[in-house]
Amino acid sequence: MTICGREPEQVDTARRRLGFARGVTDWRLLLDDDRVEVLDDCAPNHLHPEPVVAAAARGKHVFCEKPLATSAGAARAMWVAAERAGIVHMCGFNFRFFPAIRRAREMLEAGDLGELTHFRARFLASSALSDDQRWTWRFRRATAGTGALGDLGSHLIDLARYLVGEPTSVAGILRTFVPERDGGLVDVDDAFLGAVEFEGGALGTLEASRVAGRRSNTCAFEVDGTRGSLGFDGERLNELEVHRERKATVRMEVTSPRDPFMELWWPSPGHALGWGDSFTHEMHHLLCAVRGDGVVAPHGADFADGYRCAEVCDAISRSAVSGQRERVAYRELDDQHGGDASSTKR
Amino acid sequence: MTICGREPEQVDTARRRLGFARGVTDWRLLLDDDRVEVLDDCAPNHLHPEPVVAAAARGKHVFCEKPLATSAGAARAMWVAAERAGIVHMCGFNFRFFPAIRRAREMLEAGDLGELTHFRARFLASSALSDDQRWTWRFRRATAGTGALGDLGSHLIDLARYLVGEPTSVAGILRTFVPERDGGLVDVDDAFLGAVEFEGGALGTLEASRVAGRRSNTCAFEVDGTRGSLGFDGERLNELEVHRERKATVRMEVTSPRDPFMELWWPSPGHALGWGDSFTHEMHHLLCAVRGDGVVAPHGADFADGYRCAEVCDAISRSAVSGQRERVAYRELDDQHGGDASSTKR
Amino acid sequence: MTICGREPEQVDTARRRLGFARGVTDWRLLLDDDRVEVLDDCAPNHLHPEPVVAAAARGKHVFCEKPLATSAGAARAMWVAAERAGIVHMCGFNFRFFPAIRRAREMLEAGDLGELTHFRARFLASSALSDDQRWTWRFRRATAGTGALGDLGSHLIDLARYLVGEPTSVAGILRTFVPERDGGLVDVDDAFLGAVEFEGGALGTLEASRVAGRRSNTCAFEVDGTRGSLGFDGERLNELEVHRERKATVRMEVTSPRDPFMELWWPSPGHALGWGDSFTHEMHHLLCAVRGDGVVAPHGADFADGYRCAEVCDAISRSAVSGQRERVAYRELDDQHGGDASSTKR
Amino acid sequence: MTICGREPEQVDTARRRLGFARGVTDWRLLLDDDRVEVLDDCAPNHLHPEPVVAAAARGKHVFCEKPLATSAGAARAMWVAAERAGIVHMCGFNFRFFPAIRRAREMLEAGDLGELTHFRARFLASSALSDDQRWTWRFRRATAGTGALGDLGSHLIDLARYLVGEPTSVAGILRTFVPERDGGLVDVDDAFLGAVEFEGGALGTLEASRVAGRRSNTCAFEVDGTRGSLGFDGERLNELEVHRERKATVRMEVTSPRDPFMELWWPSPGHALGWGDSFTHEMHHLLCAVRGDGVVAPHGADFADGYRCAEVCDAISRSAVSGQRERVAYRELDDQHGGDASSTKR
């Protein structure tokens, strides 16, 4: 395996520490190397499209971190390129690889909650309030696209789509609370709100923030339906709360041998997984697709998911400017025009 | 004390069970009775304005359940009448009378959380999903004004105003999931969402529902600021969660002798209060105002608060129709025109 | 109703504040007053036997705070006197009157947990660590009998008996951590431990403390059986945790109209009760017995329960001295000898 | 690296799956192999002493799973052999390698809780109640030594010693609830209780069970002192509860870059660790000792800790038989006699 980065010394340090065989400082070298079968792009957001599209063109499978790109247009181009190349493509929405969230999906698919009425999700951090936080690519539109929306909110949007279905309209607000940092201008949002309508009739609230008090990394959501509710809180990621009787909250620990992913772990229940284990599951899923039938969806997010998430982000951004609820319109693979769809008002 | 209701037998049963001295079936008799100093109107929403305005005109103090009226216009008329009569007036937002919420207000006033960035609140119930739930006045616009918005959401709006400040704009969605019940048409919302901007710059999400799974009565909120966060959950109403250090959540039990309202209770800490105790505190507050200087605000909600809450409700309802973010405009006591203010678009 | 106390001024203040009709400073006057039907003795522990036995002799019903007396012998005398007089007698174990605990008892009686294997309970406070805490009757053997054992531990012993059954042997440790206070000598325990065997085969751990950190008043227990577990924590007294499936913890809010005691409260679920409400239920239970068939048990604790609890306390105290597991032996009503039973070693 | 087991096929399967270079079916071959520097003995308890003592004699470092042996005598022999050989020795008490528990130790060492008054710990499982559970070496005295006591309870005893100090006396109860399984006789305990006195004056309760309802693997403890309390629950292993003010419970998430062990993980806080990560830390600790100064204690458990834990287990077993509180006596390295110490009554 080969690791790639910009600074030779840092690349070498990381290579030795993490056990990579080789290190390079130009990603194009990876494409020329026949031993490389899969490209994993975890560079800043604006550095996703070019390497990924080029790798696809060379027939290499691609894994790309979220958000897929800094705009829906660029994300769609990646999806189109990957599909045309016929490679395996996957977008790094790792929350799908926690047992509790897979279990939630299974319950929802089975109709356990009845007709869905509500989804509410929040991803709360405080990184932008820390004096130690320097001005990085995450604070600039040119490199990040958006701020809390794309970085944290994209996880929520992906979960909404994975668990509830497609958003049809959004009303959004973006806000930059700390406009300057370290001499650099912050031109992305520190926080966003979204009020969402789903195609099945459910209502959703989405919120992500980098200015939420002293919270470090809270991703939580609930789904309500006509027959029950469920809830997940990333601070306690082995648990799923389920309500199906009035006044009874079931806290399920999703760590028994029959739970999703657990067949690969301990023989006895009650042993917690951690954040890092979601990446193990994610990579296992990717490599199974690469070695198997090439199918990533529905439990892994592929580039179609990455693109659709970007359309929702764009609609939220448009609504923040227009003050109007905006329609979410997805372009299909063979759609030649499309641009207008996404500007259609509800 | 005199109790009033429509059905003589039921009035008599209630009178005896609850220990009232007298019972009547026409509220006008209460106004003619000099022994009655305070009118407590807990009738359905559309029966608030007439008795309250009439009582004020007779110089009686008035307590009125929330929401104050079925529209901002009617609520404002009650406020104007009460102010002109110089009586004590109070609106039944009893959440203000839980120790944890009073303590939250004190912390926010002291600036403990820094500049506020977020408020999020939800009031989740499932009454509209129960087959036992009959078609009552709560499901009709003529008698209730709105549904989940006015019944449950008004509590959230009042808490937002009490804790964070005045909303300046809202984007709202209303939805009726169960349009018919018991042969009666439901023409109010079962659920609403609101995305709120506050005058101090904070962002808010509000949500109330009668169709949220099997939840029975969950009212919860969080406030985030640049220096910390706090959270309240009505299912555990003696507790306040406070975050002021990274990764440390302080669960305060607000039941020690120095906590709000506790001077009237147990000599030792750690003994929980219940839902009913909030009404005891509320009535104590009202009677102190009646016997004292007549001042209900800021810790009690007076009719100005009841009216302002109704303006926010109206703006959410307008936005649900227009698809646009709507400005919240308050009319002052001596404002002669006003109607147009509330229709101003942002 | 008449209130009785030692200091005329304090009695009068309390009488007016609490709404009693009359106040006296000699409890014997209560016995001479035909209007007094029920004596409620909430004086210090050593002042329980004489007034209670005298009241019973005059045919008055008696309610007595826990622990019933400062020794099993004195407690038994109260029980015998009450039974002989044929009056209603009740001991103030108010935990039995929380809905969650009544519900726990119902589940256990129905066999929902299978054969019981474990009971563990702790009552943790820190009053003896507070510099404000003066030397009161609670710190002296002559007036209190024991310390944490009788004051806090008696609640746990009563719960053990109510929920699991009769203890047959105990190994106990008593410890005084703060031997002097305010110039007064503390000759009772600040903390005790008990390891218990129950007649059905279950094992139990009991612990109470006045020197547990900064805890104010935590009473919690769990019961485990072959088919499930349940847990209660007095800090969240409206909740009962139930485990009947591997890895699923059900948190039941015991506040719906069908829950114990709730028929007297709110029409809709989800409204919490408080500490004070347990006394309302307790007094309601007592008065129903007085006006009805005179039966307090099994859901109320009568003097038989108060006496048996005292036998367990005495066995724990004996074990703390002997270093041996001690047998718990109960004397029956007509037992003329008895003393030796309780000293029988296992 | 070489893996060793009894069945050639299973060894080969495991070897390939887990990435070992070689597999053998006789542990003696490991000792003859100069490439093997460290022996990790995770065989059943009765198979600890012989390989470990032999490996030490050959100068190999040894890691041995807990409990170190089936009796204090055998455990002491392992400790003596390891010390004489001058090798690095470590016993697998992996709970010490959770960040929250290391943090707890640091707080206690710093005196944050004042003088310690209480320790209570429980390890609750239900494996013996499962019909799927076959009769294995864990249910037989000859192979396991004890049941819940040695398997689960040894973790609690080690935590007690790590956090509070040395036990001086114990009163214990052992109980076998399911005496037969699969045709095999169960001659070890399914559950034990221990009431402990510590040398610093604190009191402790210990309890472990394999028959606790449907619980799968709950290890939890609390420590109380004169200035505060702390609590850990293995179901939420990234959290530490701390009480230092009356009525305020601080839930610390022990996942920030400054927390124990976290320097090796994520750059940002709020990302949970799992059960498996404790073993990573444990092995890292061992290998640092092997490559460094050879010192495992105080944060790793060495064989002295493994031996002392076994003495406490033995004292609990003795007390269960005698019905008396038993003294815990440790023999030093050079103690030639010793046996009598452990039978000394308190």
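Just so it is clear, A, B, C and D label the chains in written order, and each chain counts residues from 1 on its own.
Basically, contacts are C-beta pairs under 8 Å (C-beta built on N, C-alpha and C of every residue); 3 or more make two chains touch, one makes a residue touch a chain.
Here the structure is a predicted model, which means the values were calculated and not measured.
Engineer: Hey, what chains does subunit A share as contacts with subunit B?
Structural biologist: C, D
Engineer: Farthest chain from subunit D, going by mean C-alpha coordinates, please.
Structural biologist: B
Engineer: I'd like the Å distance between the centres of subunit B and subunit D, where a centre is the mean of that chain's Cα atoms.
Structural biologist: Centre-to-centre distance between subunit B and subunit D: 55 Å.
Engineer: What's the distance between the Cα centroids of subunit B and subunit C, rounded to whole Å?
Structural biologist: Centre-to-centre distance between subunit B and subunit C: 40 Å.
Engineer: Quick check on subunit C: which residues sit in contact with 2+ other chains?
Structural biologist: Residues 215-216, 246-248, 253, 255-256, 269-270 of subunit C touch two or more partner chains.
Engineer: Give every residue of subunit C touching subunit D within the complex, in rising order.
Structural biologist: 113, 117-118, 120, 122, 124, 126, 129, 171-173, 175, 177, 191, 193-195, 197, 201, 203, 205, 207, 209, 211-216, 224-229, 243-248, 323-325, 345-346
Engineer: For the complex, give me every residue of subunit A touching subunit D.
Structural biologist: 125, 127, 215-218, 234-238, 253, 255-256, 265-266, 268-277
Engineer: What part of subunit C is in contact with subunit A in the complex they form?
Structural biologist: So the residues of subunit C touching subunit A come out as 246-256, 269-270.
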